[in-house]
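Please see the structure below; I have some questions.
We call the chains A, B, C and D, going by the order they appear; numbering starts again at 1 in every chain.
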Amino acid sequence: MTLTRQEMAARVARDIAPGSYVNLGIGLPTLVGNHLPAGSGITLHTENGMLGMGPAAVGDEVDPELINAGKVPVTDLPGAAYFHQADSFAMMRGGHIDVCVLGAFQVSVHGDLANWSTGAPNAIPAVGGAMDLAVGARDTWVMMTLLAKDGTPKLVEECTLPLTGLGCVSRVYSDLAVIDVGPHGARLLETFGTMASQVEDLLGLALTTPAGLPQP
Amino acid sequence: MTLTRQEMAARVARDIAPGSYVNLGIGLPTLVGNHLPAGSGITLHTENGMLGMGPAAVGDEVDPELINAGKVPVTDLPGAAYFHQADSFAMMRGGHIDVCVLGAFQVSVHGDLANWSTGAPNAIPAVGGAMDLAVGARDTWVMMTLLAKDGTPKLVEECTLPLTGLGCVSRVYSDLAVIDVGPHGARLLETFGTMASQVEDLLGLALTTPAGLPQP
Amino acid sequence: MTRTRFVDTAVEALGVVPDGATVMIGGFGPAGQPVELVAALLAQGATDLVVVSNNAGNGEDALAHLIALGRVRRIMCSFPRQADSWHFDAAYRAGRIELELVPQGNLAERIRAAGAGLGGFFTPTGYGTPLAEGKETRVIGGVPMVLETPIHADVALIKAHRADRAGNLTYRRTARNFGPVMAAAARRTVVQVAEVVPAGGIDPETVVTPGIYVDSVVRLDSATTIAGTKGAVS
Amino acid sequence: MTRTRFVDTAVEALGVVPDGATVMIGGFGPAGQPVELVAALLAQGATDLVVVSNNAGNGEDALAHLIALGRVRRIMCSFPRQADSWHFDAAYRAGRIELELVPQGNLAERIRAAGAGLGGFFTPTGYGTPLAEGKETRVIGGVPMVLETPIHADVALIKAHRADRAGNLTYRRTARNFGPVMAAAARRTVVQVAEVVPAGGIDPETVVTPGIYVDSVVRLDSATTIAGTKGAVS
């Protein structure tokens, strides 16, 4: 079976090493937070200025001065730290965050990312921290459905939408497959409810497929 | 009469506006701190990381973790703030300090400063914060005897010693005279126990001398 | 004591902002928005403004109104488009406002560079994207980088939590965001706080923005409300 | 909890420093010197080191001994010459150590740039002086500036005051100095503190160095002495 959104989130969470510092992008990647095992010592960074972010705030916990990058009220955990925007992005840009998980409109087989603009001519642009997050973390992973709603592949030979960063993504977690991307192209790691050849057909791409890859 | 060291310090202190943020260099300029009037609201910055520096520490006040840039134990005043080195020099370089008073080996009539190296071939070099202080403050003043111990002028047409900064000094306070320096050359503002022509003779320089300047 | 002025109203704190001024406005979403100071700017009348702010107004807030009234010539921000940014959206579509879209980290770092007296810096962020078009680039240590320049301002409007009489500030939680860097980058910094304490009432180890960066402070009950009672901000 | 390791001795905290490593050492004068960690480095045996530190050793301290033993190939600092820097002086005069003299503010900012992932910055400091010779310059906004590059390190040795179990640090007074920027600029940061408290034992508003920058922490009684009793440092 292909993965649900929560199953995708759980699959990503499984690959995050205990003790990691992690930034989860707005949207789909936020779900990963629900699947981090207790006691894993994973610390969440939110680029609007804190480490040690806890779950979404409920009821009396809601404080308009404690929000995440998606402007959702959250909580802080023991051992949290607050800092200003320049310090927060220094932390990101300086390679101190182990893993950043982002959503995407398109990812290229070389790891180029397009996730901030649909390129629609009349759209109001907005980039936020997307470009900083894309290039800053030690590993930038993308979490997305492999196909857009209209069936077009989101993993592509070359991005056609405005870029967020060049060669910054190392891995794509999707509903159909986990795929490494980068200088040597795309390499299929795992498939869900489908065969390697079907993934290739859907994408219209030839993927490196290790011999040992389990097939459904 | 020419000014003593304490009189020079008092003369400098008189020109610091109430409410100013001030950095006093190591050596002679440190004496200025003794002459700041109570209630002037003048705040002292020390580049090793604090605003609101108080007088030198005595007796039980001495704390090896509370020192000034000259590594002398000092005290902090109510309203003090501590910060790290990058923040401290950002404060200095960013033009937030109103006045910085420095010692000098040589100052040129254009405001060039030489105060970190005697240029002796076998000397061990050390610059500390001198170059940052020279260019950072809104006004950089020099406090020095007008002549070296061997009688050579320290206010010169062109510095011959290694430079600390170019065109950074706006005024020189000395035992014999107060002299503005800068793009338009040297301009005598005030003399102590001597006449304008004598200052010119000692320096071997022609100084602009405003008509209204009181002569002894 | 120091030069920081403590006044009773947002209007007094703001003082005169000339037409054409560059104004920084703190805040990320609702956290740290100097709501009353921006309202004072709306009342004060300055026009032809350049605004530097992470967002471009929400709903019917004062920044949105400044934009709707055509008083903002240009805005530098990272995230203008939001569900309720209709005044900005309309002005932008009509060509009545210039937008310089800046990645959030570059925005913060460019503001910091101004406060720190630097002339610019090389950053990997944005390289190869439309937001770096026309900018100087070079490869440093194998990484392609873009030269970014400082952003200075005439006035910064900031919301902090507590001020002491020396002008030192602390913030609350993620409301700190752009406050510290903007306070240092403006020729004049105006701050609204929820609480004012005597000099020494803030532990010198915990000061976030030293008083040297703070020109005027107003204590506002609404700020107390926002900080003290939860959920009070729309 | 997090990755920060808490150990019992300076030697364990230091771990293995390979020959040829670049080592940052915090402190300005006696304030913030990680005395015991540098002593551990002396004992550990690494040689051919590059040291980044504001000063170049005092009297018979561990850094002075590292230099005297010829184990420091190169030092980047702002103020090597002091009344008691005789070991550095001798090594320098004998040509046994390379010196890169860096203005103190440039030293701090170059270290910060490394931690912040920047490729370099333009600064007015040093322009027109011997310390900017051979460096790229340009006039920005009418001010002549010099391009300065980041300083990275393999290991940073830092003295802080208090750590919580998440690795967050606070400092004491002017002992803060280079600690926060060095902690961020090194691949591995080793910290000696006077006190360790549970996670949450430091107010998150007052953390100076977040735990993400801290790899190992050792609590040392001597540090307690230095922080707690006045005048205890020679």
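Just so we're on the same page, contacts are C-beta pairs under 8 Å (C-beta built on N, C-alpha and C of every residue); 3 or more make two chains touch, one makes a residue touch a chain.
Just so we're clear, the structure is a prediction, and the values are computed from it rather than from any experiment.
For the pair chain A and chain D, chains touching both partners: C. The fewest steps needed to get from chain A to chain B, moving only between touching chains, is 2.
The chain pair B-D and the chain pair B-C differ in C-beta contact count, and the higher one is B-D. Note on chain placement: the centre of chain A and the centre of chain C lie 29 Å apart, centres being C-alpha means.
Note: centroid distance chain B to chain C, computed from Cα atoms, is 35 Å.
As a whole-number value, the distance joining the C-alpha centres of chain C and chain D reads 33 Å.
Annotation for chain C: residues touching 2 or more other chains are 109, 112, 116-118, 123-124, 171-173, 205, 208.
In chain A, the residues that touch at least two other chains are 50, 76, 82-83, 86, 89-90, 92-93, 136. Of all possible chain pairings, those that touch are A-C, A-D, B-C, B-D, C-D. Across the interface of their complex, chain D is touched by residues 46-50, 60-68, 71, 76, 82-86, 88-90, 92-93, 117, 122-132, 135-136, 162-166 of chain B. Residues of chain C that touch chain D in their complex: 109, 113, 116-124, 138, 140-141, 143, 145, 149, 170-173, 203, 205-206, 208. Chain C meets chain A in the complex at residues 28-32, 78-82, 85, 88-89, 92-93, 99, 101-109, 111-112, 123-131, 144, 171-181, 208, 226-227, 230-233.
The touching residues of chain D, counted against chain A in their complex, run 1-3, 112, 114-118, 164-168, 184, 198-200, 204-205, 207, 210-213. Looking at the complex, you find that chain B touches chain C at residues 19-21, 41, 43, 45, 50-52, 76, 78-83, 86, 89-97, 136.
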